[in-house]
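Structures given as structure tokens follow.
The same chain A turns up in both complexes below, where it pairs with chain B and then with chain C.
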Partner chain A sequence: METGFKLSGKGLVKTYKTGDATIQVLAGATIEVSAGEMVVLLGPSGSGKTTLLHLLAGLEKPDSGSVFVNGTDIYSLSDAKRSRMRREQFGFVFQSFNLLSSMSALENVQIPLWTLGRKNARVLAEEILERVGLAHRIHHRPGQLSGGEQQRVAIARALVTQPKMVFADEPTGNLDRSSASSVMDCLVSAVRDSNAGCLLVTHNMQWAEVADRVLYLVDGRVEVERK
Partner chain B sequence: MFRLALATARGNLKKYLIPILSLTAAVVISNLGLSGAALLWRYSQYPIYQAYGGELIVIHSATSLRSEKGGVYSDEFFTLFPSQEVGQTVAKTLPGAQVTKTLFTAGIVPYGVARVTVWPLMGRLDTTGRWLYKPRVLRGNDIFTGQSVESRAWGPSTSDGRSMFGEPGRELHLRVAHFKEGDQWDLTSGQRHPYTLEGVYGPPYANPALWAPLETVQTHCGAPGLVSWMGVACANPLQVEGDRDKLVAELSARFPELKVITAEELAGMLVADLSKLRETARYYVPLMVLVSCLTIVATTMAISRSRRRELALLRVIGLSNNQVRFLFIAECSFIGLLGGFLGTGIASAVSLSLFKASTLTYQPFAVSLLVSLITGTIFSYTAIRDATVTESMRNP
Partner chain C sequence: MIRMIARLAWWGFTRDRLKVAFMILAVVGGMAAYAVLEPTLNHVSATSMQIWRTEAPWDISVKGTGVHSLVKSLRSISGIAAYEEAFLFDAILPRGQMTLLALKGQCEPGGGATPMLSLECVEGRAPSAQNEIALTQGLAETLGLAVGDTVSLLPMDGEGEPVPFTVSGILAAKIRVPVFPVVTREGASSVQPDLAKSECLLVALDGRVDIAKVASALRKLAPEAEVVTLEEQYKGISTGFSYADAVGSAAQVVTMIVAIAALTSLFFLGERTKSYQIGVLKAVGVPSSWLVLSSAVEGVMTLSAGCVLGWVLVTQFYSVAVPSSLPSVVPGLKDILRVLVPGGAAGILTASALVVSRPASSLLRDW
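Our next item is the complex of A and B:
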């Protein structure tokens, strides 16, 4: 249990240009997530939640501000090193299309292990798929799985490498109520089991209760929940 | 990485099928175009067309041949072109005319991967059925190993033992009755050699690589059988037609198998053939190379589109830009490689059955691979940028 893991973004600014118009999506957002912590990020559509997540995950460079992982500014690293860090320490679950459509569930879950050069990829993948309740679906391709099942495969893939940090961007956004709650239960318990930090983006207030902390993204800044 | 590439390739094989097949088709087509061009070049190199050097050509095509299973066979002994007699007749009937060159038919025998020329057994029966020229191996090269045949079967000889090419004609104890498919020469050395007559060869000692498929020569000469010929330079090129008639009148009684054509007639056949080929090759080859390049570009573009989301996903999972690019380029080259390979294979098979010669060219293969690599590399840079990654994660 590394309790030392800490992800933080400081003074993050991001502006998009489309034609003549510039949209400032983030205007100095600051956020911190530690290992074992479940943080829910709420905000209206278009407020920049996904953008913030991309910045924190090292996928997109901020215009200004920095992202630190255990004190290291990740954008000072080379792409190869940053990718390696992402591969070793981060897991992702998105709203939809998390999986490679040409591969089976089992293969999809193995991808991160392959890229890490792990030997027992298949065994690990089978184990975690069983834990998310998909033991009987491992050879199905994404097209042959329901939306909820696909999301559970994505959760398995995100967690199979035992990451320190899991990013989830509206993982239930495309699901009906009942499969949404089963997917969310699955995600929360998997994250809790692995003692990873988790940043969960949603605009559904309902999930706020599972969180250790709830944050709002308002006018490009992160604000602590005021109840 | 390797497991990932393998799984990706396996999963996408069906998606690749169409691009691979269209690339295959493009490679086949451009390969055949290039084969045509190669053939054109070879036509121009035929000694038989370079060497006639006269206005009239006496064609000897007596021995009937049959073409079977890629080889040309004869059931008869080859009769020798009566060059000396024809030469005398020319001197007698056409004052001032000169014999320029005499070409004989040789067997082109596949020998390993190469072809060697073997001057076939030639004989000539006189009217009483006696051998005027005894069947001889006129010349063979390395097919006959060692001292045994090369030294002993050197050069033809007439029945009185004189040499035709200034070489000592020596007796050889051959037992060859008829040539049939699969027949073998039984030489006294005890060695057996399968015999197939594939083509026609220029003057003795010319470059053995320059041989012409017999069928082509037959078409050009309008001769049904084995072709040998003699060029005759007339005294007055304006009276070629008249000279031809005289010569034919003189020869037809003694050698009904001889045919006399004018160089113009031959040139007409040849030029018609050549220009047909050249026209096709000229427009066809660059067009096809272009088409196959476009196919590759379109394919690569389609792949980069359809796989953009998946490539982005790999990037998110933690592959570096370069690793994702590598995967993408590997995918494109795989398609280029397979398409090029299949195309070249099919094209060579087609050209073998079409042109009776494997005029295999590697350019389309190389082009397809190279273009795939280059476009793959270019598109890998446009498809995999941080902006496109985050964009495609946002809008699946």
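Our next item is the complex of A and C:
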């Protein structure tokens, strides 16, 4: 596995305007995630965790500050190049509705491989679905799977391309306690196996224990210790 | 890349059946409205334009020996809506010389299968035997004749004997009913032994073509024949048609706009419900252009399916609901595809572009 991958955000500022009101969500947030590192970002609802994740993943441009991947400012790249970087190096797991409802689990997992033009997509997808414990469910549609199973499909999809960095935004937000733990175990072990870096965003303190480092988002800034 | 686009489109088309069914229904509806409108309006205006035919239910008559053999060539002349093979000949009645009409086919009430002429009678019936004649109301009054009375016809050369005819009916004063006395073909040859001389093609035009052009084409076709145009009468018809055509085109444009708007909004709503998933795909790094293209391909598939289904339904409907005497009303699939597919695809493309153009971060907040 490649080492030396590093994602960093420096002095990230993001403000939203709705009508007359201006909300400053991020006020100079700085964060760093390296290969093989599991970073959990905690913060209350509305503190800007999702926003920060979107900025770091190249989905939304910050008002000021920069995001670097191995030293390259990703917002200096063209849209197409940034999109290519996402499909080659990043993996995503979101809170819910991660999967295309009209496709089977197997097809959903193959999407990133097809997008990359990989040839052995089916074999790779079957392998990883087996690893997340869904070998017997590969032809089911999302609607025929439980929430926990859907999230495991999403984890398989995020990792099937062997990304360097995995972004997970409240992957257990919509699950009950027991399926949440099994999904989290699945994510952590899959990420550990692939030696990818991982930024796990949640407002649930419970998951702090899986982390190498725990960060808090407070008043638009990232802090190591909780105030 | 093409395989991925095709896959996304195919899945969208085949797996979300209810949505696709509704879309196809919208296409079928729009298409049926569009397709049925034109022939129906045409038929309605063609029927109502008949009232302008006050002199005779036709616009041009071609009279001369052997003109019936030219019937097949009439197809090569555009603008001819209907025609009838008939005989027009003169004879002497008690009040003087008159032109009489005989049809080549059976003289049956209602004029048989042709929509051009009708032999509807207010009293009695159309002539069916050699010695029967139907008179117009005016002539019957002038001669003081009623159904069952006898009237004699004297040949024009003045040499033959007067031929007695029984009045079988009084012709209705209606559109499509001739304003000439009518006898059978056999009856005609008893007064006019050399009937080939009286052969006549009666031609009704579509109201849009220039009557002089058709007349000159007919003159070229039958140089020996006598071509008579009813120009004054035709003027009224063509004015009426240009008005009806304008109304028809406007109605079609409106139908088209409504159909495309319905499709676009349906498709837009369909895309909206998928917007979170589109956000996920964009985040995963699927290029936006692929997403728009796959939507477009899916849209074209839906449109084509709807068009084919709609065309089959419309054609079936027409063959069941419309009398077989109107074969020309089946809409052309080509015309429909030419209008509906580009129009619909443009609408659909706009709808999906609107959704896809939003940044992934905003799409991902859409649930």
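By definition in this document, the second predicted complex is superposed on the first by the 225 of 227 C-alpha atoms of A that agree within 3 Å, B and C clash if a C-alpha of one lies under 4 Å from a C-alpha of the other, contacts with A are read in each partner's own complex, and residues count from 1 in each chain.
Note that in this section contacts are C-beta pairs under 8 Å (C-beta built on N, C-alpha and C of every residue); 3 or more make two chains touch, one makes a residue touch a chain.
The shown structure was predicted, so the numbers you read here are calculated from the model rather than taken from an experiment.
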**OP:** Kindly say whether there is room for both chain B and chain C on chain A in the superposition, answering fit or clash.
**Re:** clash
Original post:
Touch check for A:Ser83: first (chain B), second (chain C), both, or neither?
Top reply: both
**OP:** Figure out whether A:Phe97 sits in contact with chain B (first) or chain C (second), or with both, or with neither.
**Re:** both
**OP:** State whether A:Ala57 touches chain B only (first), chain C only (second), both chains, or neither.
**Re:** both
Original post:
Thinking of the overlay built on chain A, is A:Thr115 touched by chain B (first), by chain C (second), by both, or by neither?
Top reply: both
Original post:
What part of chain A is shared between its chain B contacts and its chain C contacts?
Top reply: 50, 54, 57, 59-60, 80, 83-84, 86-88, 90, 92, 94, 96-103, 107, 111-112, 114-115, 157
Original post:
Tell me, which parts of chain A touch chain C in their complex?
Top reply: 50, 54, 57, 59-60, 80, 83-88, 90, 92, 94, 96-103, 107, 111-112, 114-115, 117, 157
Original post:
For the complex, which residues does chain C have touching chain A?
Top reply: 1, 3-4, 7, 11-12, 15-16, 276-277, 280-288, 290, 359-361, 364-365, 367
Subject >> Complex interface listing, chain B residues touching chain A >> reply: 1, 3-4, 7-8, 11-12, 15, 309-310, 313-323, 386-387, 389-390, 393-394, 396
**OP:** Sort out for me which residues of chain A touch chain B in the complex.
**Re:** 50, 54, 57, 59-61, 79-80, 82-84, 86-88, 90, 92, 94-103, 107, 110-112, 114-115, 121, 157
